[in-house]
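One structure is given below, encoded as structure tokens.
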């Protein structure tokens, strides 16, 4: 199979939530959580999806899996289960119930909160076997073997299946969550901030596990995170979201070295770099994220942008390719000289920090 | 011969013998029983309040059953014996005195919980079933059905339950069955509200979302995930409810809607005692009332204990988040 | 202020469907549930078929159910609750002359509950898990478990029969009852208005036991809620902040916590009032208190159908009004309520 083939293509995906208005109001407003995003997820890659809390990244992940019903748009998925032997492109948004059930075996999700995502009243074994039961896969005995197999794949022991979730630490519980996502043998996993609820010391372990699993099982990840530091290590490409829209999309190193959107620049300046001689100006964003009910006219970022000009207040900048594989939605992308992650040794810094982490 | 050895070999290979030893239906039942009781014992550890409550309720149930099965256990039949001196205060012969019909108060009190217990248990069981099923459906289906049901339940809930029970009994006629229906009706909104709230909460949890991501049907989610999680709340509510039901039944009997006269009944006996209040016959009122209090307290303590059991875990979980 | 008015009018509009449903539920209970209300009313009595039939026609039960329902709602809107079968007077009149007695009793009962329940709850919370706390919690639980009518009778035995401190029944003593003319129906208020010290003393002596009996019904509920709410607030960061600033513990409790702890208790005030009304049935019966709750019980005993229906509807309307009032009041004191 062609490695660079797109596994999933998201086209102008929208998710609006209606706002509960007062009883006798005629106005119908909605929260535009996801306001028309386009993403290609390539087979076998990790695509990072980054943005502040409330920018719609989690909703985007849910809408892609149709855990919330998208308001509009397409999510084209190249399914192998629907067409044995070959691939068939299906629109997840319009898929039938029966198709959807089959598709769910190919697309799974890992949740942010390892505490609330496991039913406290079920044993780990029951939690992991449930997806198999839902899809009527394997005989009872084989299910047990499969559960053991997945448990050891995520670094837990088979006898853990008799325990209850509260007997595990946060990191272990997240491993259980990963095991549940793996048990149906999916091709795409949406990782919804899988490490942000964990202690920093545990985060690296879980990230390594995810990387190892990706290599062994040929998985594709959509990796959602609220800051760039986590995504930096694991993603091949990164998409930056702001207020329901993708504002920049580029290969990871390109994004860090040559950011083309002022919002990305601000996010990058917040990434800690393990180098005592290294000083960058920390860009503090002023003001709050505007309400997604009434997004500002023009560029959604202009009220907080330190470079904003007249045009930014009036016209919505489209997402355009400013250099090969590098997309940005900024009117001033060509004029601005934005601050990269490390002015001195651009590409080395990222590479070494990555190596250091792998070595540990 | 080799057949015999096989289970042994399997047993030694596996870490746990219980799981691999070939099971007969009887052994399965036995294992379940062991598991169940040991779980119960663990749950009861350190739960003094719960234990006291359980002891009280079990003692009262036994007492009522025995006193009604063997009415002569005290030496005086609660209804047929009428040879005591009239309206005497407690003495060695009649531990709790005698009433105006020359009967022994102590014997009547032992048997007098019959109607209260039957009505309380059946009514709470009925309203628990009706209320929680309606609550599950309403919470899960949503839409206008949920809105109308919630409004109706809120309306009933806001109405004074004691008055509603009295009016219902008046409409149904007095006796045990009408009291059961009336009390059951009054408590339906309680269960409806508890289960509905719990359903709405569980429905939004991440683990339900996770199982939807796997492709599970709504029916499966209700049966496997939502319903079990509402059980705790229902159990705690139902014990408090039983405590309240005992009082409601007593009040209904006191007002004369309970068992017909000769039968021993705490509430009705208190009403009788009221007639002789001016002559200072305190024992006619005091002792049946104490029985009502202790039984109601027993149920209340069980409810208290269950809430304690359920809550600390919740509190711990909240701290972790 | 206009925002509050707008909220009130909105809340009023929300009350209407609620009220409609409540009245419908009452109608269903009274007419549909038991099948035939007339045979339920006259059941067990030796009455001929003709008498039953005339009774049925008199109450309009011969008409189709839908017509009855429309008549029923229409009657409520016009304020026509029919005539009592016992006294022949309009039910609404009977209810109105008894209503102040019930309200007076309920208010004094509420006062007792607030004094006992609220203070004991606050004390228990400030001494959490110490002996006094345990003692207060036991008191709360037993006040839950105590049958009201039993408590009332015990109080009568002790304070009326044995000690003779208080009268057993009624609102006012026999001789005074002839000379005392009520203005508002609220006797305590009347006595003050008339500047009649002797009557006031007598009225208060009649009030003590019923108010205490009724108040106890609510004390446990209120005490437990106060304790829980206070405990929750005492563990909040803003209280810790106050303490770390050196605010004396007494002020921490009184100034910083109490107000916030009060809010959840006020929200269920409507529910508490329902409990009080339920308790009033028994309290009024025991103390021969001439209120609407004892009127309802006597109407049931006499199978006086229009009076039963009238009293139930009246209580339903009253409870809805109290709930509306509580909501509005709550919106005024809690700044977090959105208009």
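Of note:
Just so it is clear, A, B and C label the chains in written order, and each chain counts residues from 1 on its own.
By our rule, a contact is a pair of C-beta atoms (placed from the backbone, for glycine too) under 8 Å apart; a residue touches a chain by one contact, two chains touch by 3 or more.
Given the structure is predicted, the values throughout are model-derived calculations rather than measurements.
With respect to chain C, maximal separation of chain centres occurs for A (centres as means of Cα atoms).
Among the chains present, the centre nearest to the common Cα mean is that of B. The centroid of the Cα atoms in chain A and the matching centroid in chain B are 49 Å apart. If each chain is reduced to the centroid of its CA atoms, chain B and chain C end up 27 Å from each other.
Centre-to-centre spacing of chain A and chain C amounts to 56 Å, using the average Cα coordinate of each chain.
Residues 65, 67, 100-101, 104-105, 108-109, 111, 113, 115-121, 130-131, 134-135, 159, 166, 177, 180, 184 of chain A touch chain B in their complex. Chain B makes touch with chain A in their complex at residues 15, 205-207, 209-217, 220, 224-225, 228-229, 313, 317, 320-321.
Across the complex, chain C meets chain B through its residues 17-18, 21-22, 25, 29-30, 33-34, 37, 40, 43-44, 141-142, 144-150, 153-154, 156-157, 161-162, 168, 270-271, 274-275, 277-279, 281-282, 285-286, 293, 296-297, 300-301, 308, 312, 315-316, 319-320, 323.
Remark: chain B residues 148, 151-152, 154-156, 158-164, 166-168, 170-173, 243, 247, 250-251, 254-256, 267, 270, 273-274, 277-278, 280, 282, 285-286, 288-289, 292-294, 296-297, 300-301, 304 touch chain C in the complex.
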